[in-house]
Structure formats: C-alpha cells, structure tokens
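Worksheet for the structure shown next.
Letters are used for the chains, namely A, B, C and D, taken in the order the chains are written, and counting of residues starts over at 1 for each.
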C-alpha cells in the first residue's frame, strides 16, 4: 500500500462517491396478464390457465405449463376463496410495502387452483391466524387491474 | 469422462457491514490475491476467471465483471460472470469446475463478491419480484423466508417448533466465534433469540443473517497440477444444481424440489448412498435460522420433520456426529453473491485440513449447499480428500 | 474432451419492438422451434444455460421469471451474465466434460422496454467514468477516432461497411433492417457521437436466440448435419479506455488466437469460409478483420474495398447483415453462432455461402470491444 | 370479453436506487487531491512502473499494486476525441461538447474527460485542465480541458 495523499485542512477523506441509478421500463402485459387483470378489474374474477397435458391450474396464467412444458391453453375461473397455506406477519418496513406494519402476507390455495396465490390478510389479528383456515377475497370498489383489486383476504 | 479437478487454494476477506476501506474491485482482488497466494502459484498461472456476484442492482453497475475483472491481474484472460442470485458464488465455482473438467483449461480462478453497503439492499430485493405479479407483496428476503418457515413449521408441528430455529441461531453464532472472518460472533441463548424483536413471523431479529460486504475466491486445478499445488487438495466428488419455478407460490418451499434434486444429482455423482453417514460435515446456506432445518431435510441428511431433532439433540453441533456450519454459516456473514462460494470454501477447507480453529478432525468428505432467487435455485457441491 | 456440435437453433424475427408479446411467450415459442429444428423435445435436454442482463430485463434477477418458459424447470440450469455466445461456451464446456449429452442455450434482449443509452451508461464505473456520462456510443466514437487516426484511414471506410452489411441484411428473413442504404445516405445520416453516424450504428432491437448443443453420439443420431465446435476463445481487455491500446481489438485478437490454436487454423483468411461478427458500430468490423487475422493491422479498409469480405468474396463477413441489421442485445453473439451453424450445415437459406464448411462466430462486450469471444464451427 | 377495457397494454416500472460507492484509498486519494489542492495525481505501479492517471490501486495490465503517488500534468495531449452533438440527461456539460482521452505529462495512460466543442480539440493537440471553484471530490472537479493558448 502506498502513502496517503497529503491531506489539506478542512477536507477530510473522500471515502465514498454518491450517485443514483434510474432506468424506466415499459413492458407489455401480453395476452395472459392482460386478460387476467381485465377479468379482475371488470368482473371480479380470478382466472387461471390449465395445462393441456398434466391438468395443473396455474397462476399467474401463462401460455405454457410451468411443470411439463406443454401448452396451457384453457382458461378456468377460480373461486375467490380458498385455504390459507402459509403466512408471515411483517413488522419491518419494506420497499413497496402493501400496508402499515404489521401486515400479513399469505399464500392461499384458491379452490380449483393447483398453485398458491400470493396476497394479504385483513380483518384479523395476527395471533388468530392459522394455517389451514378458510379465507375469502375482499374486492376493492375502485379497481384498476392490479393484484390490489383485491384489498385482502379475510377469514370466513 | 470428465477430468478430475480440485480446489487447491482459497481466499476470503474480512466480512463487515461496511468495508469502507476498499471499493468493489479491490474487495474482489483482496480475496483473489489470498486464494492465489494460498495455492502457492504465480498469478500468471491462472488461465481463466469466473466471477460470481448478485443482482446488478445491488451495486448499481451494469456488467460489473468488465470492471472487477480488470482488478485481478488477468488482462487478456477469459472472464465469465455467473449471476444466479444467492447461488452466484457457488455457480461460479461450478462453472470454473467445468472449465477444467472439459479439458479446456488447467488452472482457473473463481471469485465472488458482494458490496451490499454500497446500495440499498431492501430496495434491491423488491426488484426481484415480477412487476406484473407480486412485486410489492412480501417484498424482501425476510418476508419470503417467513412464509417458507411458517409453511415448514405448520407441516411438521409439533415435531418441529419455533425454538428449534433459535437453537440453530445459538449454535451457528457460537461456531462463528472460532472463525476469524465471521462478521457476527456472539454467545447468545435460545431465550435471547425468542425474545428478539419480530421481523417477519416466525423470524425474529436474531434468526436473521447480517448484511455484509465481502468477497471469496478459490483456485481450481486439474489432477496433475492439483497434486503439485496442494498436499491435500479438495477434490470435486459430486455436483448438483437445479432450478424450478419462477414464482415462490408455485414452489413447495418447505421441501423445495430444486434442493432435493440438486442433492440427488450430487450424491449420484459422488456415489453416496447414505449422506449423513458418508459425509463428515456440511456447510449450508441458512440466511435465516429455520432454513438450516429445511435444507437439512431437503438434502436428505434426515427425514422430513426431523430437522428440529437434529439440532436439539446436538447432532449438528460442532462436537456432534454431523456438524453443520462449523464456520458459523450465513447467519454470521452474508455477502450474498459470495455466500454460496464461502460455503464451498469452508467445506473444502475442512477436507484440506485448513479450517484452523473450527477444523473438525478427520474430515474425508464434505458438502456445501446454496440457494438463490425466490428459493428456485439450489446447488450442492461435495468435496473429497481423496480421488 | 468429448466432441460437441451445434445441432439445432432458432432465432426470432428481430424487430424494433415486439409490442404485445411478453418475454415468456417469445422464449417459449423460440425454444420449441429450436428443439423442433433438431427433432428433440425438452426432455432430451440435460442442461440449460441462459444469458441475460438484469438492467435490460428490468428485474433484479433477470431470467429468473423466464425459467419455465425456457424449459429449465427442474433442470440443471445456470445463467451467464454476458452475451449468449459466452453462455454457449459454458454449455460447450459442460458437454465436453462428458457429464451432459445435450445443452440448451438461450439468450434474449428486449431493448425497446427501456433506454439503451442509460443501460450502457450504467456500465461505467462510478468514480472516473459515470460522472462524465460516457456510454457505449461515446466510447465507440473515441475508439473509432483512435483507430482511424492511428492508421490514417478515411472516415468513409466505416460507412462502406454499413453499405455492405445493410445490403446483405435484405436477404435475411430475421433481420430487423432489410433495406439497402447508399454510401451517401450513410455519410449524410446524423451524427450520434461523431465520428459515429446513425447508419453506422446498430439499431435498437427486440429479439432472442436459442441454440442446442449435443455430444458426438447424440449429434450423429439426430439426422441433421452437426456443426462441430472446433475452437473456443474468450478474452477480456483492461477496463479503462485510457489504459488500453484503443486502436486495436486486443481481446478479439487473443480470443481468435486461442480458437485458431484449438482448431489448428494457421491462415484464417483461406481456412475460414464465413465469419459472423458482432459489429455494434461499423468501424468495429474493420478492426475485427485485423484482430481475426484476415489482414495486417491497419489494412481492414483495404480488405473491405477489395471485396474480400463481401458475400462473394474469399471470406464473407456477416452475410446475415450482422449487428448493423439487428442487435438483440445479449443474444447478438448467439445469433452469430446460429448463423454460422446454418452456414456450415448448408441451412443458410437466402444468405447461404456456397460450400461453406468452416465458420467463425464472434461476440463482443463492454465499451469499445473490451471483451470478445470466438467459436469456430466445422461441417 | 364483454366490457373488457382496452387498458393493460403496458406496465410502467422502474429501477431507481441511490448508491454510496466506497472509493478505497487510491481513488479516494486522487479525488481528495483534486478537491483540496487542485492537482492531478497519478500512481506508479510497483510491478511494471507505469504511471496510471487516473489511478486505481491495481495495475490493469500487469496486476501489480501501486507503490507511489506521482503528480502529473497539468498539460496533456489529446489521444482521441468524440463530439457529442445532442444533450442527454446526466451529461456533464451542455451539448455540444467533446469527450477526450488526454495523456497528461508524466502519465503512461490517458484520462477520460470533456472539453468544450472547440474545433481545435483534435488528436495531438495540447490541453490544460480548468478546475471548478467549488470542488466536491469528484472527477468533475475538473470542469474540462481546454486547448492551451499558444
């Protein structure tokens, strides 16, 4: 290591350089996300796709089966209620956090689906949440075509 | 068939919440220089370099390999970068192995690093999720692993309990006291963990890994050179890697297929039938304490639901029959893109007899594991002291 | 070392913007086409190596969301964060090791979704380069001036590369730009960063490429002409523009030399039948002629003007039209490999070079060709 | 679909993050000298003896470590240049301006910087730096290089 550059009074070392990175994106929904969110927004319906071969019902919907790579070309409507499979009560602030802390994130197996649906739980005390409980979607009045068109799921 | 290859030298940096004394390439260079020195070779003996580091958004530099590669004293050499999130470091080692196993190169350097403090990790994590799907829901590593841990506990209750996670934290933090590189070295109790502040249930503050700046590197050589360079090289005996669904809600996180499959592939290659008997030690990527239990099961080191018993009975303690994470694991330092390689280095050092104060006696075979992404990437590496 | 061949491939039709199509759909269709091209199914694939860029993807961990679209679910998969040709080199190593019989290589880039110049600016290190706003075009312009000045080459020489490649691109059904341009049009096109003019720069492109590799026994069993991989080379030059010999494509020269050594090629100009290079800017093709050993240093423009690299020349370069006709970033180098494989297996269609038996594919990366990879294929 | 809206064609998202990059001793020392003393420092490689300006702690060619500071310049020769005709976000100057690679007196490498859009800025011309009044410890503490008045 070499000798430090001569310091002058008042300066202090330049031990970091600050900066910001900003890149914007504009990405297409494509057919599947497009239809999924239109159904959420317009009809309060949660739609999955079904694999033509193994029969798995997939969320998010995509044009192929994530498991067996065959086309998934059949749309199926799923119930807006299901079984709570796992949850976590989050106390730390997160970027893009969905609610004030603590909030409850959950994976829900909607009736008729083959994979979990990620969302929030509401109207329930964290201490009363149990894996296996039945939950139902509470839809937002003002829907824009995002996952937030469902405010949260609450216990039935 | 593939040429034999072995780890002949390893290097790690000091891990710290912020390494403000070095910039990103210097951090990687620090580890690389130590690995080259440990291998006792001239830097010009290196024929190719593989770099592993996590998402570009962590440090805010696109194609960082082009910058970092320049610091390694390898001008003109091939440099390849692997980026698979938490498995980046382990993935870089595996790629370096194929450089040698293919016959294309004889001596290869693998370097991994992360300088998380240069950026804002919580923000960076949020960008891992699909903006069309769950970005903004469960953003962050702790909530993701909270969901994973809850799923696991719910499946195996009452055999596995919340305090089993705490026992892992106690064990690994204690092990770290013997590891000079560890960032967190602390003697804590199960009560300390259980009473620490909640983060994302069932995860509490002391169940979490720290955020780290750090780098790791290793040198891999083909058989003839390896035997010259090291008195006891760590031979690659088994390798497994597997990827699965892009979406966490599509994965059985309590028993992930990618981990099960990666382990099967590695055991097959290493001719291992009964891993817990045939292996002597494992270094597992437990970013959060409950994960050590989950991975122990998915790696086939015990039956599903037996993870709690493994730690409670002391089997996985430093003095136990099957020590896990004698280095202190990821709970003691987590420079993400390097952590998978650090597990490999620790496992290799055990086989080479170079683990210092946390060396276990008579290690013949060791296992290193890593996971990445939203639990859809897994790697397993098995080292052996003899070919 | 096991024998390894390129046996199947597919590329998308490259476009300015694949509006309305997600990466997932694009990749699913692409991989299926690549598999069909060699009569394989996804179950025949032992390992998947993909290439991607986080910043291009707009996601913290690029490719992760496309794993199942690429057929990587439950497979041994890894990602190379560089050009797809580097991913192909990694895939080659895996098959050459004898541990995998087949490998699928996938690379994609949808540049339309964000600002490419911001992307490349993010590749500048944060202390000395980024505060100055340098990007790939500006770095290229500095290199072009260094090159032209060092050898006393006329600034219209790169424009003649653009004329050649754009003419070639008219025959390539996958190319984004399929119209000829005249020398006057190129010279009259606006300056991006001078001396680089708009028509001397690659376009902004959405597209992808997939390639299937297989070992000897499998390659021979598929009923296709395998394109055997005979040489591999890969190199990275210093990062700082100011500590490089900027007038030379040093990394390409080293990469090519390694590939030639492995393929036992001593006179590339006579031994290679066709070359596909990743010339992001027209001047780079001239520098690459020299680095690849087709002519002496500084003689790139002479080689071009002699017609040696034209479609009917001794060593045609970029019969596909090259990156100047389509630049699906990340996939650009892998497209070169697919085009080369098509040439040596006589599946080049409209752009086929008669009797091509041996080809070289090149990829470049970083500012001013800091890194390079070369792969040599043989019938 | 009935009532299907025509929206949901594109999703706008972004990656936006701030950074505090550690400089390390050599980069930090260089920037500090720019800020505090208005001088440009190079570093001499202990391996090959090359003087790097601006310096890193490592030699990009031979891999050696730097062993000594060297004050270089302020005059330098332009090795290459490129003219930027149009403004862009994050540009260091109002366009048009020029990028230059300048080899400062006493240096073995050249330094990337900017100059005004001056016809005289060509390969081979001698330039000198102009420093900003208020300096913050950044490469842009040098406002630009300008052709040396004869």
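Basically, a residue touches a chain if its C-beta (ideal position, glycine included) is under 8 Å from a C-beta of that chain, and two chains touch if they have at least 3 such contacts.
Computed from a predicted model, the values in this text were never measured in an experiment.
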| item | value |
| --- | --- |
| Pair joined by the larger number of C-beta contacts - A-D, B-D | A-D |
| Rounded Å distance, chain A centre to chain D centre (Cα mean) | 42 |
| Centroid distance [mean C-alpha coordinates] between chain D and chain B, Å | 37 |
| For chain B paired with chain C, centre-to-centre distance based on mean C-alpha positions, whole Å | 34 |
| Chain C and chain D, separation of their C-alpha mean positions in angstrom | 30 |
| Contacts with 2+ other chains: residues of chain B | 20, 23, 57, 60, 70, 74-75, 123-127, 130-132, 135, 245-247 |
| Where chain A touches two or more other chains at once, by residue number | 15-17, 19, 21-29, 33, 66-67 |
| Set of chain D residues in contact with two or more other chains | 9, 11, 13-15, 17-23, 25, 27, 31, 56-57, 60-61, 138 |
| Chain contact graph, described as a line, ring, star, complete graph or other shape | complete |
| Complex contacts: residues of chain C adjacent to chain B | 1, 48, 53-55, 58-62, 64-68, 72-82, 86, 89-90, 92-94, 96-99, 119-120, 122-123, 125-127, 232-240, 250-251, 254-255, 365-367, 370-371, 373 |
| Of all residues in chain A, those that touch chain C in their complex | 17, 19, 21-33, 62-64, 66-67, 69 |
| Touching residues on chain C, where the partner in the complex is chain D | 20, 55, 58, 60, 117-118, 121, 126-129, 131-134, 138, 141-146, 149, 190-191, 193-196, 238-243, 246 |
| Contact footprint of chain C on chain D as seen in their complex | 9, 13-15, 19, 21, 23, 27, 31, 52-54, 56, 60-61, 79-85, 88-92, 99, 101, 103, 109-114, 123, 138-140 |
| Complex contact set, residues of chain D against chain A | 1, 3-5, 7-23, 25-33, 35-37, 41, 43, 57, 65-69, 137-138 |
